[in-house]
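There are two complexes below, and they share subunit A, which is joined by subunit B in the first and by subunit C in the second.
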Partner chain A sequence: MSVLPVLDLVLIVLVIGLAAWTIVARDIFAAVLAYVAYGLLLAFVWIRLHAPDVALTEAAVGGGVTGVLLITAGKRLGALKASEAGAPPGLVLKLVAGALALLVAGAVAFAVVSLPTSAPTLAPEIAAAAPGPGAGLGNPITAVLMAYRSFDTMLEKVVLILAVLGVWSVGADQAWGAAPAPLRKPPPDGAMVFLAQILAPAGALIGIHIFWVGADAPGGAFQGGALLAAMWMIAMMARLTEPPRVASRRLRHALISGPAVFLVIGLAGAFIADAFFAFPPALAKPLILLIETFMVLSIALALPLLVAGPPNGSDEP
Partner chain B sequence: MSPALLSGLLGAALVGLGLYGLIVHPHPLRKLLAFNLIGSGVFLVFGIVARRGAAAGFAFDAAPQAMVITGIVVAFAASALAVALILRLAAAGGKVTLDPKAWAKPDDGGAK
Partner chain C sequence: MSLLVDLFSLASIGAGVFFFVAGTVGLLRFPDSLTRLHVLSKADNLGLGLIVLGLMPRADSLLEALKLLVTWALVLLSGAATSQLIGRALRRGRK
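Moving on to the complex of A and B:
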């Protein structure tokens, strides 16, 4: 008897337990910690679904960077000493919400169980498109992201930039142009500085490697960029470097370089290839790698800036 | 049960748990956590659609998986925006709540 089905069950029980803990924990910090662990375990579920690319993204972004975002938010909220004025829910509300949640979960579960047996799929079309626009890419996910559905991916980069603009614009007027608050109060302890000095260079190399192998193996611009972002955040937490001023032109140019290069090459596709956002097959792989390089830069900048928050201008986190 | 079916049911359970937390918790940061649970549940359900779409020599349908990857990044961006709004609300008003009744009495904040 194989041990895998047992491991599957254990994994799913653990994930549900951690998800429940993020809901029932009294303390926000405990709930956030449970959420980080939940994100990491969810990555294993994705591996069991034969989705290593999604697993890498979930572990890096869903668990890791979101965890840093929420922990930082909890600390900043604690520092504001804002009173929590919301009334705790009554028993009736809890019962009604529980019944509604059960109903919705049951409906989703029913839909999952009764999915059609001959599942609709785009895999043959993606396989057929592989020799053309996605030429030279061995990883079908990267082929979909960068060739088959490249317009989606470009717009998704634009969403990241819009989110950065949204976060910056909730800052106070007098702080505009200044740097976001540091991620940690000074002084960081020696262990944190040592960790950042050892981990950040190694992690940055791994991030670049994951981006590079993404053409043919699990990985790619999202995952590599998220790892680079995490390494920059570790360096900021150890106060080896500080968040940049949001008025910096170089920062803004680097931030928009990903979607900008993508859009320019996509528009050029109307002339050098046969359609908007199409690549000539002979040049497809170098063009895609060029776009991805700038996308990695954009992602590696946008994620930490989203965590760092609006311009603040003070040294208090 | 196959891992795909199990993961789909896990997705359904996560949607339910998240919905409950979203309604019941008064704290906006807890609501955000619960909302992220709903999101990852929906991604998982989409993930089994990808797994069931295995064809043409692939173990999965790459299109839904690629959309889940963009989805995870967009969900993070939306969470960051929500966090920024929550922190601004707390800094400007001294209260962390979405309850309109708490905001209707401006003298209440200083009493505590």
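Moving on to the complex of A and C:
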């Protein structure tokens, strides 16, 4: 008997255990740490399911970016709690919230269980089309995201930008246009500065590499962009650079460049190719790379801006 | 030749696994955060280094072997830096 099924079983038990701990833990910090570990283990689950693209995204977003986001949010909540401790929710409110949560979880569970056993997939079709007149990409995942499901992929980035707008809009009126607060209080530790100085250039290079090989191997715009975002966050935590001013035109243009370029090329597809969001076969690969380059830029900006929070206008985090 | 490579990999990965197990036991059994930090960094640095050393001769290409080495170097860097950060935070907390 092979040892792999046993390891898979251990992995499943660990993932479910950590998921339960994330819900049960009373302390926000402990729950977030469990959630980060859960994300990293989930990446292993995706690898065992032979989905390295998803595993990369899960490790970068579930294990990395979301962790930073939640820890920062937890810290700010803790600071709020001290100043405005309201009355704890009553029993009825707790019961209603619990019932609603159960309803959502039940609906999701029902949807997952009632999926057809062999899920509809475009993968074989794309794998067959890749060498020929298809999207010209060796990695079927990237081909699906960029050529077969391009509208969804574009809207995904629009959602990210809407989230950034949502975060910005909770800032105080008089702070509008200013920069978000620095990610850490001064002065940063020498070790943090050293880590940022060495890791950020190396990580940026790896991020660009992951984006570039995404055409033919596991990787792609989101994974590469998330890694670049993490490197920018590290540089901001070490105070090597500060969050940009929200009013900056260049920042705003760069932020929307991904979906904007995607939309322009998609609209042009109606004239130069045969349909909205279609690529002319000869130009498919260069066009996709162009779109993805701007998508990487948008993602690498949007994620750290979510972590940096609303415009603050002071130096206090 | 291939037997020699197999033996080398087995010995190296085995030694790496030993350090990870020792690190885990230390994490569970050691009395305070600083000693736990100490034992964990040994597991990460030495254990992963030995596993990478054992995997390198089995890589498909020189580039893949180098990628393994770079992975270890990155873990060394982040491990050393975060240990420093946690250690300093602990010392600040004690004062």
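Heads up, the rule we're going with is that the second predicted complex is superposed on the first by the 262 of 317 C-alpha atoms of A that agree within 3 Å, B and C clash if a C-alpha of one lies under 4 Å from a C-alpha of the other, contacts with A are read in each partner's own complex, and residues count from 1 in each chain.
Operating definition for what follows: contacts are C-beta pairs under 8 Å (C-beta built on N, C-alpha and C of every residue); 3 or more make two chains touch, one makes a residue touch a chain.
Since this is a predicted model, take the numbers as computed values, not measurements.
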item	value
Which of subunit B and subunit C A:194 touches, first, second, both or neither	second
Which superposed partner A:27 touches (first subunit B, second subunit C, both, neither)	neither
Subunit B versus subunit C, judged by how many residues of subunit A each one touches	B
First, second, both or neither for A:202, with subunit B first and subunit C second	second
Which superposed partner A:105 touches (first subunit B, second subunit C, both, neither)	first
Which of subunit B and subunit C A:173 touches, first, second, both or neither	neither
Contact footprint of subunit C on subunit A as seen in their complex	189, 191-192, 194-195, 198-199, 202
Interface residues, subunit B side, partner subunit A - complex	1, 3-21, 23-27, 29-30, 32-34, 36-37, 40-41, 43-45, 47-63, 65-70, 72-81, 83-88, 90-91, 93-99, 101-102, 108-109, 112
Subunit B-touching residues of subunit A, taken from the complex the two chains share	4-5, 8-9, 12, 15-16, 19-20, 22-23, 28, 31-32, 35, 38-39, 42, 45-46, 48-51, 53-54, 57-58, 61-62, 65-66, 69-70, 73-74, 76-77, 80, 82-89, 93-94, 97-98, 100-102, 104-106, 108-109, 111-113, 115, 119-124, 126-127, 140-141, 143-145, 148-149, 152-153, 156, 159-160, 162-163, 166-167, 170-171, 222, 226, 299, 302-303, 306-307, 309-310
Interface residues, subunit C side, partner subunit A - complex	74, 77-78, 80-82, 84-85, 88
